[in-house]
Amino acid sequence: MARTALDQTALELTNIAKSFGGVHALKDVSFKINKGEVVGLLGDNGAGKSTLVKCISGIHSPDKGDIIVNGETVKISSPEDARDAGIETVFQDLAMIPEFDIVQNLFLNREIKHKNPILRWLGWLDTKAMTRRARKSLNRLNTRIPSYKEKIHNLSGGQRQAIAIARAVNWGADIVIMDEPTAALGVEQSAQVNELIKVISSQGVAVLLISHNMQHVKDTCDRAVVLYQGTSVADVCVNDVTKEDLVSLITGATSVAA
Amino acid sequence: MARTALDQTALELTNIAKSFGGVHALKDVSFKINKGEVVGLLGDNGAGKSTLVKCISGIHSPDKGDIIVNGETVKISSPEDARDAGIETVFQDLAMIPEFDIVQNLFLNREIKHKNPILRWLGWLDTKAMTRRARKSLNRLNTRIPSYKEKIHNLSGGQRQAIAIARAVNWGADIVIMDEPTAALGVEQSAQVNELIKVISSQGVAVLLISHNMQHVKDTCDRAVVLYQGTSVADVCVNDVTKEDLVSLITGATSVAA
Amino acid sequence: LNLDNLHDAEKSANVVLSAKQIQQLKAKKLTAALAWHGSSTWVSAVTNGAKQAFEELGIKVVAITDAQFDPAKQVADLENISAMNPDIILSLSVDSTSTKATYAQTISNGAKLVLLSNPIEGFVHGKDYAGIVTDDMFGMGKAAAELTSDALENNGKLGIIFHDANYFITNNRDQAFREAIQQYPHISVISEKGFVKEHETSNIAAAMVLQNPDLQAIYVSWDSAAEGVIEALRSLDRPDIKVITHDLGVNNLLDMATDGNLYATVADRPFDIGATMAKIGAGAILNKPAAPVTIVPFDKVTKHNIATVWQHAFKTSLPKLLNQALTQ
Amino acid sequence: MSVQSLTLSQVKQLAIKKEAYIYYIFLFVLLFFAALLQDTAFLTVSNFMNIVKQTAPLTIMAVGLTFALAVGHIDLSIGSVVALSALVGALLLQHTGIPLAVLGALLVGVTVGLINGLLIERLQVSSLLITLGTMGVITGIARQLTNLESVPIINQSFTFMFGAGSVFNIPVLLIWTLVISLAAYLVLNKLSAGRHLLAVGGNPNAARAMGIKVTRVRLYALLASSTAAALAGLLYAGRLHGARYTLGEADLLTVIAAVAIGGTSLFGGRACIVGAILGSWLMGMINNGLILSGFSTNEQMIARGIILIIAVAIGVKEYRNG
Amino acid sequence: MSVQSLTLSQVKQLAIKKEAYIYYIFLFVLLFFAALLQDTAFLTVSNFMNIVKQTAPLTIMAVGLTFALAVGHIDLSIGSVVALSALVGALLLQHTGIPLAVLGALLVGVTVGLINGLLIERLQVSSLLITLGTMGVITGIARQLTNLESVPIINQSFTFMFGAGSVFNIPVLLIWTLVISLAAYLVLNKLSAGRHLLAVGGNPNAARAMGIKVTRVRLYALLASSTAAALAGLLYAGRLHGARYTLGEADLLTVIAAVAIGGTSLFGGRACIVGAILGSWLMGMINNGLILSGFSTNEQMIARGIILIIAVAIGVKEYRNG
């Protein structure tokens, strides 16, 4: 499973810090992800994982530190910047518009425009094409969906999560970040997501995966980075450690130089 | 682990059905939980688990079927009714007021009133007592919380979930229902919740636990009920089956008479 | 005090101050405040008249308020004004019951009060207030009826759009019109509808005409309300229906000048009202008695005398567009 | 937590289905008056043309406001923009031709929209408070501009184009209504711009996370709202052959009611242009019907309130049964 | 999905810190006028008493409206309730004593609140539309009741108790303001009732899931809002020695602005009574200061708008720096 062979750094973080008022959510986080590599980001509740994800994807701007994408330091001060840098994210809160339907959410700000160049220029939507592509990309995840016209707020927790994942992997990004993507998913759907992660990473996409499930981490990730109270305390190859090792790193029982 | 010995039925459901417009979320669900028993409610995404939970806890009213608590058919048409019947619930969406702080959310509609009988009659709040008890009940869950005055919307996903669980188990209910309580929790916190479930069930509380994690189900539950597309298709003793058996029941690959 | 009979009222032309009195006043460095009921070009003209007269007397105007027809706002305005201790207050009371106590409070500080049109029940002339200046509301209503009769050549069907709110001046004018028009046996009022806000008159007129296509003339309470009526008549393509109203406004006068729907209007002289009030107030400082009621004359306005009447009313030259239209 | 979204969304779900209810309400009120006013002019083509023409400026304002509401903003300044734009247009007409006058008037709308938008978005403050402030400022300016004088318009082509004219027997006011409404409908329902507007109103954080320029989208929405109001000002000026500082003053609540009854959410994320149009016609029809029915002013007020309440209630009944 | 709640909540977070900003705004406007009006009566105790007395009815309305807004409702009918309650009180005073007259007037508020609440909660429809409807109905009734006549009040004890009186040199209007505000403050901040109000406004579904009777809580909030308006009507009647159908008519927007600038959310879930009081005093102070500074009406309007905008902007600046 050592797909680190490509060995070109897709994303590198150096000394990221971020506070909210008195809460120091991130103190000092550094690690890198190579192309085609799947890195697990582990840590206790409140360790700062989601905050880090938000810093990389432009929701928050870090107080300190650099984000380096494909060898260049980039300033990611908005989600557009992140997207321009080739980063797509599945947020823990899913970032959905509750009263939009499935297709509308899948193609939010990535709408397919009409083929006619004038209409296209106006931003005329090609609803049919979007419905077609939505079907295709959701089928990959094996999700049971009542209807593509169903509004998001009528869906079950797992159905929503599947849609958020489909949205992120759909856009040929170089880097895909997933914040607890399988938390609400059923067994089969989880397996499907793991499969999907393998497929996209084999295409050279770098994946940052947050999970509390050690089994999933062992199954999917090449390396694991552990956050402890806002600091990256370990960066290990998952094959070199046991589940129990990971857990003790997460809980701060042991520590490895990052 | 056969704590079914008490053998007094705490909660019984018969032929519950519920539709939303054209979507038949629940078609025919029947099972029972004895006092002190932990029953896992399993099922694929969209199988109807959360809908069932909402029917029992008074959010939805079922289109058909009976809910029998302690041998008596009760009409649960509102969350107050559920509470009066001794049912507390951890909802999948946690049911928090985002701009309330932790203590305020913990004691929502279960406020501790002032000791002075006149002030008490007016509904005067005893904030100090509430803060004290909040500390105690959250400590049981081993959660790292920045401050008890922090607003819910500033907390991480796992921190929120811990609070929702603490709230439900705090009130000496006869029946506690948990909809994916550990989905967002860290390893240690999950273990703590499992421990807590054991403690309350040993005190005779009936627990209905929804989870997609077969390991957790095996570890915590006495029996498992499987929903498949809105119907209860299996009711098994978890010691009699393997994880793989459960998965194939969930995905509809095999079926057992309920 | 009864305003219903204005026959013995003093004429505004007779309110004059002698050169000596003017000198005395100038020496006193007095201040005045104007507490109006609302704003409109009419109120502006009254203000201008008062300001000019005060200026000639060396009296400084320290505050002008607009109650927006709200008695509570007027009470607050008067309270705020009395914090400045003006010597003279000119005011039109929105509601005599509500404002009475505050006026009483204000004059107890020594200010002289001159009222416009609306009397305060229970106030004693010479003690509580120096005088009331008013236009001849009843005369104006009657004049409007005469003009209506002219417009219809004493025979025809009339609609009335009246001000359906409790407001002294318009209520009296409308009532006087109603009573006067009954004296014309061949003019029948076939529809009568009220309005509360000016912008409603367009809908009302349109409905009235659609319901009574044989209508020949419409009386409406005042100029800006008439704008909506004329707009509706234009929109329904009914140039034959004549409109009669009160007061002067450029838009409608232009319509009249270009032979539109507006047949005639009745104009009072707001500038003179203001000037007269100022003089009565100033006189009161010198203990010069004034008549309980002073009236300011009005003019019937038709196409040929627009220019002269404008000058009477506002003491300004005719607006350019209107002048153009008239001299074409 | 999805309770929050479910909360809003369950409420909205109810409401979304209600989008359709404006049709029923409209029909109900129509039938009500048709029955009540059998032998009057109510049920005539000319009366309906009359209603449509009278409500044209209201309809345009309603369509514009729909954009502001769609992104979750309220725009209280629209009434004052009507007055200022009409006055500016009328004043310019005295010196220049129609194109410049129209441009000047619309520029009033654009400027106010920009000011509103920049203040609200830069300062991140309540649109209600800011537009209440600009409403005061603009009203003051409109009153000061001509010192409460009306400004007449004698340019016949202008009054034709924006008021009394007809093309092939279709009143220009109807044409204006339809053209603007159609454009708004397409933007909201067929273009990506509309998607983004509704996304920003529905869940601004999710929209931002997906890379939508939330601030810019909100700014455009406020621009649309006040530019539409400026156009409404021109229509008023064209109809009245002149402008006055009181124009638009009384329209604000009517417009808000029209838009809300048409199914647009006052909290953002849901918008219905057809509803806004029918809503404003409904208001016009109620006014007209009540005047024709010969009620006194007081009775009209009471009846208007009751009809509004019953209409809203019926809309919901319809939903519950369906 | 917590994006939704984060959305709302991040916005609200910003806003909650802003609760404090009304103090700064108030201070800023105070200093501004104190500097501008150095040699006038502005900075005198009697002038401030004046402002407090003038705004007493507004303050009471603002406090009441805060309850409605806290649960996420708007109540447009408060202005009309003021008029009707004042008229009913004044009419009853002609036949009976003060207790019955006061009771009758307050009953107007209770009845309207009940009607609003039952319609909104039973039909599950927009409070904006329903209260717009009831506003029309009540205004119509108030106009009809005395056929537009004012009703004078000659009962001295009444005008003492609700208007001009003082106890130990403290004006009764100030006492009324403080008593009602204190009660409201305690309910919202110290009693479980207040928690439930804010919970319902913050996330009605979560509140319902926790067994709070959401419908009932919302009904009480609307009751509070219109009963407070009825009391405001009595204070107007006491101050003005009589009642008139136009009372309260112009107050609605001012009250909404006062409450909003005081830090209460218009979307529910956040309420600040002290802010509502300071907000309404602020409005009174701006009016007073502008009149004392001798501006014309038009200039006053412009200045009022600009002050409002600057005040809102300053409040936010304060937050950003802090």
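Observations
Lettered A, B, C, D and E in written order, each chain numbered from 1.
Quick note on the criterion: a contact is a pair of C-beta atoms (placed from the backbone, for glycine too) under 8 Å apart; a residue touches a chain by one contact, two chains touch by 3 or more.
Heads up on the chains, UniProt names are A, B = Sugar ABC transporter ATP-binding protein; D, E = Autoinducer 2 import system permease protein LsrD.
Treat the numbers as computed from the prediction; the structure is a model and nothing was measured.
Both chain A and chain E are touched by B, D.
More C-beta pairs touch across the D-E interface than across any other pair of chains.
Centre to centre, using the average C-alpha position, chain A and chain D are separated by 43 Å. Chain D and chain E have Cα centroids lying 28 Å from one another. Averaged C-alpha coordinates give centres for chain C and chain E that are 35 Å from one another.
Residues of chain C in contact with at least two other chains: 39, 164.
Counting partners per residue, chain E has 1-6, 8, 10, 203, 205-206, 209, 297 as the residues that reach two or more other chains.
The multi-chain contact residues of chain B, meaning those touching 2 or more other chains, are 91-96, 98, 154, 157, 160.
Looking at the complex, you find that chain A touches chain B at residues 20, 23, 43-47, 49-50, 92-93, 143-146, 154-159, 162, 180, 183-190, 212-215, 247, 250-251.
Chain contact summary for the complex, chain E toward chain D: residues 1-8, 10-11, 14, 76, 119, 123-126, 128-130, 132-141, 143-144, 203-206, 209, 253, 256-257, 260-261, 266-267, 297-306, 308-309, 312-313, 315-316. Considering their complex, residues 39, 62-66, 68-73, 75-77, 79-81, 83-85, 95-101, 164-166 of chain C touch chain E. Chain A meets chain D in the complex at residues 57, 59, 78-80, 82-83, 89, 91, 94-100, 104, 108-111, 113, 122-125, 151-154, 157, 160. Only residues 2, 5-6, 8-10, 12-13, 16, 190-193, 195-196, 198-199, 202-203, 205-213, 269-270 of chain D touch chain A when the two sit together in their complex.
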